[in-house]
Amino acid sequence: MNHDSNDTQAVKLKGEEVAQHNNRESCWVIVDGRAYDVTEFLPEHPGGPKIILKYAGKDATEEYAPIHPPDTLEKYLDKSKHLGEVDMNTVEKEEKEEDPDEAERQERIARMPILEQCYNLMDFEAVAKRVMKKTAWAYYSSGADDEITLRENHSAFHKIWFRPRILVNVEKIDLSTTMLGTKVSIPFYVTATALGKLGNPEGEVVLTRGARKHNVIQMIPTLASCSFDEICDEREGDQVQWLQLYVNKDRAITKRIIEHAEKRGCKGLFITVDAPQLGRREKDMRSKFSDVGSNVQNTGGDNVDRSQGAARAISSFIDPALCWEDIPWFLSVTKMPILLKGVQRVEDVIRAISAGVQGVVLSNHGGRQLDFARSGIEVLAEVMPELRRLGLENKIEIYIDGGIRRATDIIKALCLGATGVGIGRPFLYAMSAYGLPGVDRAMQLLKDEMEMNMRLIGASSIDQLDPSMIDTRGLSMHTTSVPSDTLGLDVYDPLVGPSGSFRPETRSKL
Amino acid sequence: MNHDSNDTQAVKLKGEEVAQHNNRESCWVIVDGRAYDVTEFLPEHPGGPKIILKYAGKDATEEYAPIHPPDTLEKYLDKSKHLGEVDMNTVEKEEKEEDPDEAERQERIARMPILEQCYNLMDFEAVAKRVMKKTAWAYYSSGADDEITLRENHSAFHKIWFRPRILVNVEKIDLSTTMLGTKVSIPFYVTATALGKLGNPEGEVVLTRGARKHNVIQMIPTLASCSFDEICDEREGDQVQWLQLYVNKDRAITKRIIEHAEKRGCKGLFITVDAPQLGRREKDMRSKFSDVGSNVQNTGGDNVDRSQGAARAISSFIDPALCWEDIPWFLSVTKMPILLKGVQRVEDVIRAISAGVQGVVLSNHGGRQLDFARSGIEVLAEVMPELRRLGLENKIEIYIDGGIRRATDIIKALCLGATGVGIGRPFLYAMSAYGLPGVDRAMQLLKDEMEMNMRLIGASSIDQLDPSMIDTRGLSMHTTSVPSDTLGLDVYDPLVGPSGSFRPETRSKL
Amino acid sequence: MNHDSNDTQAVKLKGEEVAQHNNRESCWVIVDGRAYDVTEFLPEHPGGPKIILKYAGKDATEEYAPIHPPDTLEKYLDKSKHLGEVDMNTVEKEEKEEDPDEAERQERIARMPILEQCYNLMDFEAVAKRVMKKTAWAYYSSGADDEITLRENHSAFHKIWFRPRILVNVEKIDLSTTMLGTKVSIPFYVTATALGKLGNPEGEVVLTRGARKHNVIQMIPTLASCSFDEICDEREGDQVQWLQLYVNKDRAITKRIIEHAEKRGCKGLFITVDAPQLGRREKDMRSKFSDVGSNVQNTGGDNVDRSQGAARAISSFIDPALCWEDIPWFLSVTKMPILLKGVQRVEDVIRAISAGVQGVVLSNHGGRQLDFARSGIEVLAEVMPELRRLGLENKIEIYIDGGIRRATDIIKALCLGATGVGIGRPFLYAMSAYGLPGVDRAMQLLKDEMEMNMRLIGASSIDQLDPSMIDTRGLSMHTTSVPSDTLGLDVYDPLVGPSGSFRPETRSKL
Amino acid sequence: MNHDSNDTQAVKLKGEEVAQHNNRESCWVIVDGRAYDVTEFLPEHPGGPKIILKYAGKDATEEYAPIHPPDTLEKYLDKSKHLGEVDMNTVEKEEKEEDPDEAERQERIARMPILEQCYNLMDFEAVAKRVMKKTAWAYYSSGADDEITLRENHSAFHKIWFRPRILVNVEKIDLSTTMLGTKVSIPFYVTATALGKLGNPEGEVVLTRGARKHNVIQMIPTLASCSFDEICDEREGDQVQWLQLYVNKDRAITKRIIEHAEKRGCKGLFITVDAPQLGRREKDMRSKFSDVGSNVQNTGGDNVDRSQGAARAISSFIDPALCWEDIPWFLSVTKMPILLKGVQRVEDVIRAISAGVQGVVLSNHGGRQLDFARSGIEVLAEVMPELRRLGLENKIEIYIDGGIRRATDIIKALCLGATGVGIGRPFLYAMSAYGLPGVDRAMQLLKDEMEMNMRLIGASSIDQLDPSMIDTRGLSMHTTSVPSDTLGLDVYDPLVGPSGSFRPETRSKL
């Protein structure tokens, strides 16, 4: 049998032949009915070699599909490694182990709340947490290090309070605004998040449909599960999409991506600048461990699996050398507005204006990169007064993302001066739990909350929101309490109300 | 049988006839022995159509009575829809399902603490929480969004501390003061709260009696369960009442209400300005869901029940267009002092003075409208120094409400410069748990606390309270802690005292 | 039988005769083998009539003794009501109910930790909490209202941090200092606390012995369980005592007490100025309720037991009219140094200096009077800089009490400028749990901590402590967090370390 | 048998003879097969006499070895007390009690996570906590008093947040820096910690090997379990070690130690200045109690075991009189750079510069000495701006230690201006749980985190870190919340999401 010529192959590979290539020295895997020789690719795999070796000689489709766009093998694996079709009837079906976690998950899915029981964005997350696969949940929900920034992102909004206006005519509320020239129905967009198929078999196109229905913009992620073109194809009418870009070391590839996006009608290019290296997310790592981990007590220091391997692999794709000097080149290769996504201090916003970009997203990558990076809303509160002082507030559009869960969060950002906000995980969770109807309801809930809260703060349109309507005095303090006085708390007898008397055993004494 | 002529009807309707109109196309309900055709009214019902449809063709009295004033159908349902009396013997008695929650509640009621076991206002709430119907409790206790303002309202008082005077003669304590010209025994009034019959079958008149006994003012709510006249009728002697007003789009109706109130002797008109749209209270919504929710797994995006329907329905009653320009008209139609209830920033207090009203209530509607609205006491601390700076502090009476639970809370407000404070939920809870005796004891406890704390702060009368007697340095900061360091806390072994030795299993080792 | 002449009585009263006077109309009680007619005294009893009526016609000794000095009846009940001796053999022994709480307490006493297991003052409290009678514990440990000041008193010390000096010769540490002219071994004194016999049958004399052993001053409380003379008699050698004074409305009584104290050698007179009315302590009230509470469901509004009764009764003893104008009189009737105990703001410290007193105690009465009164240490931090600014810092001795549990707390107060600190409850708890050895060890532990911490902060004697050695920037803020985001916290999955793997069920998967 | 002449002894001692000396009057113990008469040494033992008496007449090797360097008896016990070899066959083997704690610990060890499951430094601590002997864990993990400083040390880092730079070329990250002239691979060193053999039978030499592998400096502790020479001998190549020094009262001994260290090649002398007396650590004391504690209920006040005994014993070794005047002498006896370890305020840093030392370590001794001492990182934030103001920032090298657990912690210290940081406990825990491979992985994890976080903050080398990259506004506040409003919290019904519906019992109602 001649494996070299995979173009003209007539005879299908047999499962038992593939099965022999089940180790680091010769590693074949089957994906979608075709076999591939990934032996040489093992050390370069961004997810590490272990996860591939688990499927060495076997069918990896089920694990592979959700986390790789369909054209991945085509693009990244040399044609000579494409071994051709496999006769799937000859592939041994793997007896799946009884997985009690999975059984419990199916139980929970059977009893999940109906969509109408979700009243706010957190509710979708609460449901998703219980119905998603543990590894998928871990990937979506995890953050950097101690996940302190992850949580701070939403928590920071709690430090901003309202100073509502009264007796304003709020009969008609107009939530619409303009982002990079596009009129949208409400000032949020669906921001880029990776690996949508982990949550829903259809992936990011579900978000495309939701965004269309509610007339908001979708930002297409570089690391989508769907291919870029699939997501574009899903667009209808004058629907608008933006592109989120991880810059490749090979600028030719980057250029090709940008030009393709522009050709396909993308209306904005968001260059990610907060991820020269993809973050460590320990919750995610731990969840994978139980899948991939070795099953022997291996504590030998030298056999330690270095995360650097994966980091270096990713470095071959994302360019850690990307710097300000590259910006003119980007401006030269596209007419799309260019925005920097992941700016984190006012000095860099000012520099971005000088560099000639049209906007910035104040963001810490959803708390997934640098722990103790400040929240977008806090950076916004630092940026806007300084821009106003310098007369630069209209030179650029400022967006934030991270931690937005309530319409009040959006209103706070707009009062401070943001053009709009990006929302990511909440729509992923809505999609993971309920599919398109979930995304639809999530967006509608935001609109309902937004309309009501605009009324209550005393603004009938977006342009009426201003800094006098919020109190941000608590925002800048990152406090932690003095550690607790354990012994002191232990001796204190908390007060109890009369409810004690409800207890039958107590009652007898009264 | 002629249903058109309900005036001269002699023959009563039969239950089985009513029972046929049990759907959206033709929906009749029975209330207090009379049938009504509410088919056309369904989409306009402020509480949504579902709850009515639950009783389509049936007797709805038990559900209807506590939450609608007796004259509601008379006022709001066209006469042509009044179908006349029903022969109640022919109406099929509904077998009530065994409700384990209700059985447990009856258990708790049987064992409830005696009134003397309530030592403070929180105690009534603790009892009410356990003896009230779940939906009634949810309605009273719920707040907007994440209920952060709801809780902040009381919590804010904890940031204000005392600087008591010593060696002041406090033998005789005079708690009396004057509100809008009325001498009262203590500086609080019973503020307006809706749907009193949810807590007590007699409704708001119980509060009227309690207020009379303690010589405090009652503010009559627009959305009372009792009719306005019933509450007025309950007044005795020189007892004083005020009116809380939701302004109707139809100013003729509003004018009629105001004129009627003035005629019936109301001494103050409090126009609610913080509720152009009634707030979403998710706890309340969830509690109703289990009553009304559909019993199939309906996750279709297009069938989603929009809360907008209810919102719009309510908009037909409360005018979201109410604005400053309307104030002169109010001043022209009544001689009652006019106050704005729900003011939330100093700019609007100053504008209120210019507009010629006699007072404001700094309030966020008990945390039921805009989450992250600041507490009344915090706004007061912002307002008073600015008014004093402008020499306006005597131009207007300033009240606050929200979160008052202790006499010390009242004293803090008075030290800052409030004329008095409104108290709502605590009296509702006292009434719900113990009826009039509960309201009586709640008020007496406040008086006892007040007298003692006036002594302890070193003031023998209300006018001796001044800003030097409080320390408000902590008030303005809205802080949240840096999110917890989960792993760090997990590895810390808290200190334990010697109490461990009490454990028998430990003892053997010593 | 002639009860009128109790002087010459020869025949003893019979139990059954006493037993007939068992009601409000005629109420006799037996104490220490003698009967008393307390019918007329009932409404004046500071603790309310109920508790007496419980023992009407019976022997009340066991309940009475711990909470009344031996000479109380002699002093306060008119001789005509002393009915003479009772033949105790004829008094029916009361069958004690089985009290499961008491049985459990005895169990705990049998297993209590040995004294050597107490390593700090909190440890005694932890033990006392478990071995004391519930009502006694409630009396000692309770505070005003929500007990926020009670807890703040110790918590405030946590906001003060050290700036230690290094490379100071601390070989020899001298902890001694001088208070009102008396040399003491360490800068604390045993402050006045009421009802010592609740914790130990011998009462306050145990503290006298402990204070003698460690050469510290004891302040004798007005409301001691032992009589004043018993406590004085216990003094030895040049041991020094002070007197804490509640001022009686009848200044003749007050004068007699002062003169007697001076004659008996007291070296300081501390006039309590923070208790014109004794505070409500709900924990204490609740604990008594289960003893005294009525056993029927009485919710009638008019039968409510007013706490005012007790308050008025106490007013007949403590003078709420006491004021600055009284101070010259006090100065005129004694040569003892006079100090005001319970001063709470700098203005009053300055006034105290003008009034000519020798000192003040910055105190909030152990958190038992006005909730939200600030801690003594916080007031001290307000007072001292202002006194220094005015050049008054040496005109007066400043003490604080409240919440001191560690030698570091004492050092913080001294750094700020206090002459010394009063410690109350911790010694009560040590005495209640372990008697004199407990008090002894508690004082010794404080000395050990003090010596070590003086070394560590870099001071070899008390006078080397100064404000530069502490950081008080956090002290003045009374913050509370923004209320928690319940839904947000609920959806967050806290990080877990590898410890999960220890669980057997998890291990099987690895 | 002649015990006097232990030099020429031929006949071994018999176990039964040793066994007779089993009391305070005559106390012999066996260590490593040799007997010693420690009767006179008992009162001087730093750990107190009790622990020795437990082994009186017995073989103490197992308890003795981990906590004493091998040459201790040689050095500190007079030769006349060395009784010579024991015939170990004649020594009665002690039946070990069944220890359920120990059995459980062995269970946990059998199931411990594999090394690869440790993803950060806290993970090693979590494992060590479960696999170490309780007393060893207590010794390592305990801190002073309420352990508030212990926890604050790490917690303080949480108040510092990042202001990352974007678009910086971070392809190549250089973590190397120079400490006291030594080039190291990453800016941390292994700081001195006592009693390494409690965690690992080999003791501190394991850390020597780990430090060598990762090219970082090890600071040798005075109180090591290994002898100083053993640790030096373990050094290889150009590996660098420093010496931590407790100064002995006898300066001749101190001089000998310094000269020996210099001769053995130590490159830095760190004089501990924060421990004139070793701290009380109650957790440690309690853990020892269960070993050593008397087994009778001894509550006699006079028999109380004074901690002063141990304190005084230690004073004979560490000199509490050490002061600034001694510094010139140290400078005169060595050419090694001298640093002061344990400086805690800027005044003393400035004085250290004047005194001519080369550096300071801002440290509170890992929270083991003075509770409420501030964290090193906070002191650093106080020190550096003042040094810069005075132009002194380059006159001295500043290190900090305490609470460092993440690379972000290191970066924060470097941004503020530290030359490097010391890390102690984390490596002890890694060693205790996994030996050298644990130490290796711990260091590697720090390097991985460091490289990534340098990229994410936008710095490619250590010298690019500057104060503009952090936000320290929250650092200086030591806040505690107002004590909780127990009754208020009790009546609040927390919001719950739709997850309730997952519960089967609830589902039936929907």
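First chain written, first letter: the chains are A, B, C and D, and each begins at residue 1.
Just so we're on the same page, a contact is a pair of C-beta atoms (placed from the backbone, for glycine too) under 8 Å apart; a residue touches a chain by one contact, two chains touch by 3 or more.
Owing to the predicted nature of the structure, the values given are computational and were not obtained by experimental measurement.
Mostly differing positions are employed by chain A and chain B in their mutual contact, as under half of the interface residue numbers are shared between these two copies. Matching the C-alpha atoms of chain A with those of chain D calls for a turn of 90 degrees, to the nearest 5.
Computed centre separation for the pair chain A/chain B is 41 angstrom, with centres defined by C-alpha atoms.
Chain B and chain D have Cα centroids separated by 59 Å.
Under the contact definition stated at the top, the residues of chain A that touch 2 or more other chains are 114, 117, 119-120, 122-123, 126, 146-148, 151, 155, 158-159, 282, 286, 293, 474, 477-482, 485-488, 490-491, 495-499, 510. Contact residues of chain B toward chain D in the complex are 120, 122-123, 125-126, 129, 137, 141, 146-147, 151, 154-155, 158-159, 282-283, 286, 290, 293, 295, 405, 474, 479, 482, 485, 487-488, 490-493, 495-496, 498, 509-510. Only residues 114-117, 119-120, 146-148, 150-152, 155-156, 158-171, 406, 408, 412, 434-438, 440-441, 444, 448-449, 451-453, 455-457, 468, 471, 473-474, 477-481, 486-487, 490-491, 497-499, 501-502, 504, 507, 510 of chain C touch chain D when the two sit together in their complex. Chain C contributes residues 108, 111-114, 117-119, 122-123, 126-127, 130, 145-146, 148, 273-277, 279-280, 282, 285-286, 289, 293-294, 296-302, 304-308, 311, 315, 319-324, 326-327, 340, 342-345, 347-348, 369-374, 476-483, 485-488, 494-497, 499 to its touches with chain B in the complex.
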